[in-house]
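Naming follows writing order (A, B and C), and every chain is counted from residue 1.
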């Protein structure tokens, strides 16, 4: 018998005896017959999010600021491109990494710098020399001030975490209200063919391991910039 | 020395160490402030707790079905799933993968299960280089000590101690500023991510519906561990299952809130396979090792089965007055605090580890703090009951039998009180000395004076 | 009504004034008080240590004596929790199972009885001192008692109430205090420091066992801070 069969066998044997439901005060006769999942009403209990796009962007902006992420919302793609070149000059970038995609292409063209493109594989040591990683994203989440990236839509696994500055280029339509909406969107978008990595990024990398003092840029990016139009 | 003697000895030392107590109190006070703020931001933290508890009930009470579904989906996309009944099997599976890959260096992100099975020691003995990338784990690895807390491994150290450590072990410690010390670790780790042969991670949640493993972290070291090395290994307890992808919308913010007082941890990443066709990077091979290690025994104890609902947030450690005063290392085992006191007797032996369940005033702060409503402090009582039933202490049982006789018979009770009153001068004479039967109390506390007239005397005299 | 007052073993032997105060308060409110002389202990010490057979030996006669009580009032949060929350657990699958549930339903801790059952918060008491309150953990977490004692203290003439900055277990925990005295003492030190920081003259509690431990530490420290049971405060006129 394989270990798998042994372990599953032990589990099935153990589960022959019922355990009390939470909050049932030890009554094991209460049978769990919920048709929908217990967490399906999570929206009602998580922190509240306004209904309008304006409220949601305001919430996203506030949360991003609390996280020490830089967020800017532009009226046009030209304004975004201008801000990007300003950022390049202020940060003194000489090389960036990115991936293929409409918004990523737009950003790289605007920057006019040497780019390491990840799409068909790349040299990690070359990416390590890049000042910033420019990626697209799957969603902005108002409730958390966070960004959702995947290995399929953001140039692989390392691009959004290895370079010291992560820049996200997003469209305003990509804003979703809350975490339940983000998971529902991902489930609908990718159905049964998920990217091998989906990551919810909430602020620049950080640690509190030394005396619980917040330090940014522990291993991942020290800076996170979200540019949206 | 037995585990219980070791515990008592360490507890005595640590409770006398006022500096240590102060460091821990300061750390946990700052945690409490942000935790309360984040809980208040929820529209209903209590409703969230109930839903989380019910979701975990569903996960654990259908564990076999969920594990089968999880495994099928993982394997369909090229992941190799291994099953380990115990730590020895898990270590061997992992070591064999390293041998097959002719690996030399393995970079790890934080995994308490790897502590549980003493993986690092085993791999290092065989000649592999093991690097802990999480800053707190990296620090305690350099100190050759286990993690102090399941979420904050280096909580017990001051910046000065870490500076001295880095100076001694790395020759690199410009100052004691947390920022500069963190940058030292960042620099050290950089090339290790790029050159390591194997990346090793734990797992916070395993999603049965979509065949994913979700990893929660703040630093980004797990993301890098799972991105760059050619081979990735994930070790996870079988109890980490959640039924649905959408369950994460509830569990991720609750884990962050209860565990660290954050609205969301910085990186929450779901992996569904090794590098897929069309993807530009990622491990060519992903091995997931599912660990039992006596969890199925805990599962079989229906009364305490909900201990397997634990999401390892550490909230119970943070509020526990015992933990706060003795610290994580005193427990002498991987899982400390209230959850450790509950599960360790099951995972490592009831009679050898029952003292962890005994070392509690049963205040219930843990149960109140638990985001998935595990009945922690009542489980401590149940462990005590099971331990005494299995191996009663002759003297304790006798003492309670006598106490029962005295309590049930008014004449004996009255006599006992009189004896107590009469021997007070004697008590005062031997107070605190080796002759004092109440030494455990009187070493640090005065005994209350016993009045001549008890309540029952007064009540009787009223008539 | 007729109130069956269950005075815990340590109040009987060590802090009778607390019990006497409870009797006087209830009688002043017009109720008949009975104190069954045969009931000495609720059985919590063996129960907490895991010796449930021995606990049942003590607790079963207690249940029998309380069988016909109209209302059972217990003078401590921990003993109250024992009868109200733990007796049903202790007697599960035994002949006393049903009786345990019935008695539990008719049992209250003293302050909870006054406020929740009798609807009384003003006893016309006077206690012109600065006080702080220690919530015994069993009363707080097993019985949910937090507002009742504060409502009662709020109506005491001349009393200035100040809350401790942090809430934590005093460290008594029954036999825990003797089995793990170093941890018990450390926890008590934290409690004493929190109480001292309030500048209060008295620490009040609805649990004498907690106060016994806290007072033991305060006396050893030579602290001027004094401890007093809630019932005694409410009986001061």
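As a working rule, contacts are C-beta pairs under 8 Å (C-beta built on N, C-alpha and C of every residue); 3 or more make two chains touch, one makes a residue touch a chain.
These figures come from a predicted structure and were not determined experimentally.
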item: Number of hops, subunit B to subunit C, where each hop joins two touching chains; value: 1
item: Centrality ranking, top chain (CA atoms only); value: B
item: Longest centre-to-centre distance from subunit A, chain (CA-based); value: C
item: Centroid spacing, where centroids are CA-atom means, of subunit B and subunit C in whole angstrom; value: 32
item: Where subunit A and subunit C are represented by their mean Cα positions, the distance between them in whole Å; value: 51
item: Separation of mean Cα positions, subunit B and subunit A [Å, integer]; value: 28
item: Interface residues, subunit C side, partner subunit B - complex; value: 7, 9, 11-16, 19-20, 23, 35, 37-38, 40-41, 43, 45-52, 54-55, 57-58, 61, 137-138, 140-142, 168-169, 171-174, 176-188, 190, 212-213, 215-217, 219-220
item: Residues of subunit B touching subunit C in the complex; value: 8, 11-12, 15-16, 21, 321-322, 324-326, 358-365, 367-368, 381, 383-389, 392, 396-397, 400-401, 403-404, 406-408, 410, 413, 417, 420, 440-441, 443-448, 450-451, 453-460
item: Subunit B-facing residues of subunit A, complex; value: 2-4, 6-8, 10-15, 17-23, 28, 32, 34, 37-42, 44-48, 63, 99, 118-122, 124-125, 128, 144, 146, 151-152, 155-159, 161-162, 178-180, 182-184, 186-187, 194-213, 215, 217-221
item: Residue ranges of subunit B touching subunit A (in the complex, touch as defined); value: 27, 30-31, 41-45, 47-48, 50-55, 57-58, 60-64, 67-68, 71, 77, 82-85, 89, 133-136, 139, 152-155, 157-159, 162, 178-179, 181-183, 185-186, 189-190, 193-194, 210, 212, 218-221, 223-224, 226-228, 238, 243-253, 260, 263-276, 278-282, 290, 292, 296, 299-300, 302-303, 305-306, 372-373
